[in-house]
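Presented sequentially are two complexes of chain A, the first with chain B as partner and the second with chain C.
This part shows the complex of A and B:
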């Protein structure tokens, strides 16, 4: 009796032993819930993000706030900023209001801004000119009212030189403002 | 003037020769000031030449400045750019201050902007970095293995609850309530 039992046990072990025994091919090896505590996972994610930044695995992008508009920028982009803006040609500027920064694999979302010193977006002013002539035409029917105005608004062209993320996510921010 | 800008050539934002990537190069290469020494319409341009032109030439060593006095002709400024554009501007009866501003515009712009209407205000070589959005991004991955048509995924949960459904729910609730009552009774 004991022998039979031992034999059965061995047979059961063949099927169930280790991960899933012989049946392992038919069982998905994905464990849905990892037995890690939440803070540990967070640490791992941050470490992985820092690692990705260090490896410079993919292109960075940032969403910057500039003169009331939000622009999604990467290295080598051209932006046309409309309206009066003091910077002159050849000026190198840093765009400090970064709302979102990210790479292919992760995004850093600011609330509302990403902490200062973490993301460095630099740009060069390429050209400051005027737009084409725009027509502002108003007419009211049967009221003997007609106005026509022409205007050209100032346009500044910016070249984005670099979008860099420092690999020190989760470090205390240095608030310089 | 009025119909001219309705049929402008449309274009996209460009910078000649990757300007600004490594270093910045001033796009204005040559400026020619044509004026008359005696006529009143050239007065502002003559003032500009007397007071500001030397400073302008000193501050912009990359720009070639020509002066062309010509008898009894109107004042003209012609600017030539690195991309081959040539901007012709009439300075007839313009004051010194106006001319200073216009010449600064000619200096800072990168070509003939007035002849093209910009269709986009941004240019990028990399339109998407994390991949373009599709209807399946951020969706439950269980959808990948589900066999369609599926009751769970096919349900239209955006419609408001119908009267029939509400009645059925009420009926179910009532039944449950009765059962509970029965149970408690037991």
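This part shows the complex of A and C:
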């Protein structure tokens, strides 16, 4: 399986390069000459990956970018997001910024993001609240200086419902945006 | 305030010495010896602990960064590449994983990490940069990256 596993992002663009139209905004990135010299093995690798996706053999993971941090998530994970974040309880969210997605047998590596619509990471906001009380205490010795403050920062807890590789690799991406 | 015992009713008036001290003693409840029982000793220790706790919130973040770096270094050594080359190669290939997720991959998804190392090395080679990968034991030979059309997209210029 090792040979399958590698960056497969952009493959769609390579293959669909000749037939412009569907992917007009990706086509420009590669010249059509390169798309002709695709080795047969590549097609096999992609076919195998697509098979594996259809079989849905193993649990997927993904690295998503959320509020300036990167999280490695899989089905059923809980994320605690700290800081101000508008979504409210019960909201279903799709995490779009997927940097890496993978299964047991292969991984898709985005540059920097996996193409939109290929990987589907859905999450639900299950609670919003505050963190425990943190004490901010300063003291200077022999200077009669002492300050004490207390603060709690807002926290949002997310449940990851599913991490799915939705489209087939090498298929035209659904234009979500 | 309502106090149910006479002892507390007496303390509710006058100077708040008892309550002031009790606040400190509560924070020192898990200490041992005089640190917990003598106020003058307690107050010193509690203040010091609170200062440490405040400073440690920053230090913890730095410690985590150090830990991730250590883990990445260890994983890089396995694949005969330096962390510096890895980071540089990934940046040039437009793969924007941070140290947290790289170390995460190194721990739990070692095969993915191996590929990333191979990609970084390949990219550095294409760019003609001086890289410090081990020539004797190359990175990711048996991965056959050419099977997944790596050259085409690695040779692209970074947008």
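Keep this in mind: the second predicted complex is superposed on the first by the 130 of 177 C-alpha atoms of A that agree within 3 Å, B and C clash if a C-alpha of one lies under 4 Å from a C-alpha of the other, contacts with A are read in each partner's own complex, and residues count from 1 in each chain.
Rule of thumb we're sticking to: a contact is a pair of C-beta atoms (placed from the backbone, for glycine too) under 8 Å apart; a residue touches a chain by one contact, two chains touch by 3 or more.
Values in this document were obtained by computation on a predicted structure and should not be read as measured data.
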- request: Have a look at where A:94 lands relative to chain B and chain C in the superposition and call it first, second, both or neither.
  value: neither
Next on the checklist: Looking at A:168 after the superposition, I want to know if it touches chain B, chain C, both of them or none. Which is it: first, second, both, neither?
Outcome noted: neither
TODO: Answer with first, second, both or neither: which of chain B and chain C does A:110 touch in the superposed model?
DONE: second
Touch check for A:126: first (chain B), second (chain C), both, or neither? first
Once the shared chain is lined up, is A:61 touching chain B (first), chain C (second), both, or neither of them? both
Item to complete: Check whether A:157 is in contact with chain B, with chain C, with both or with neither, and answer first, second, both or neither.
Response: first
(request) Classify the contacts of A:134 with the two partner chains as first (chain B alone), second (chain C alone), both, or neither. (result) both
The intersection of the chain A residues contacting chain B with those contacting chain C is 61, 71, 102, 107, 134-135, 137, 148
Given the complex, residues on chain B that touch chain A span 1-2, 4-6, 8, 13-15, 19-21, 24, 26-27, 105, 107-110, 113-118, 121-126, 129-131
Chain A contacts chain B in the complex at 58-61, 71, 73-74, 76-80, 82, 88-90, 102-104, 107, 124, 126-135, 137, 148, 150, 152, 155, 157, 159, 161
Contacts from chain A onto chain C in the complex sit at residues 2-11, 14, 29-30, 34, 38-39, 41-42, 45, 61, 63, 69-72, 99-100, 102, 107, 109-112, 134-139, 146, 148
Interface with chain A, chain C side, in the complex: residues 47, 50-51, 53-54, 57, 93-98, 100-101, 104-105, 108-109, 111-112, 115-116, 118-119, 142-150, 152-153, 156
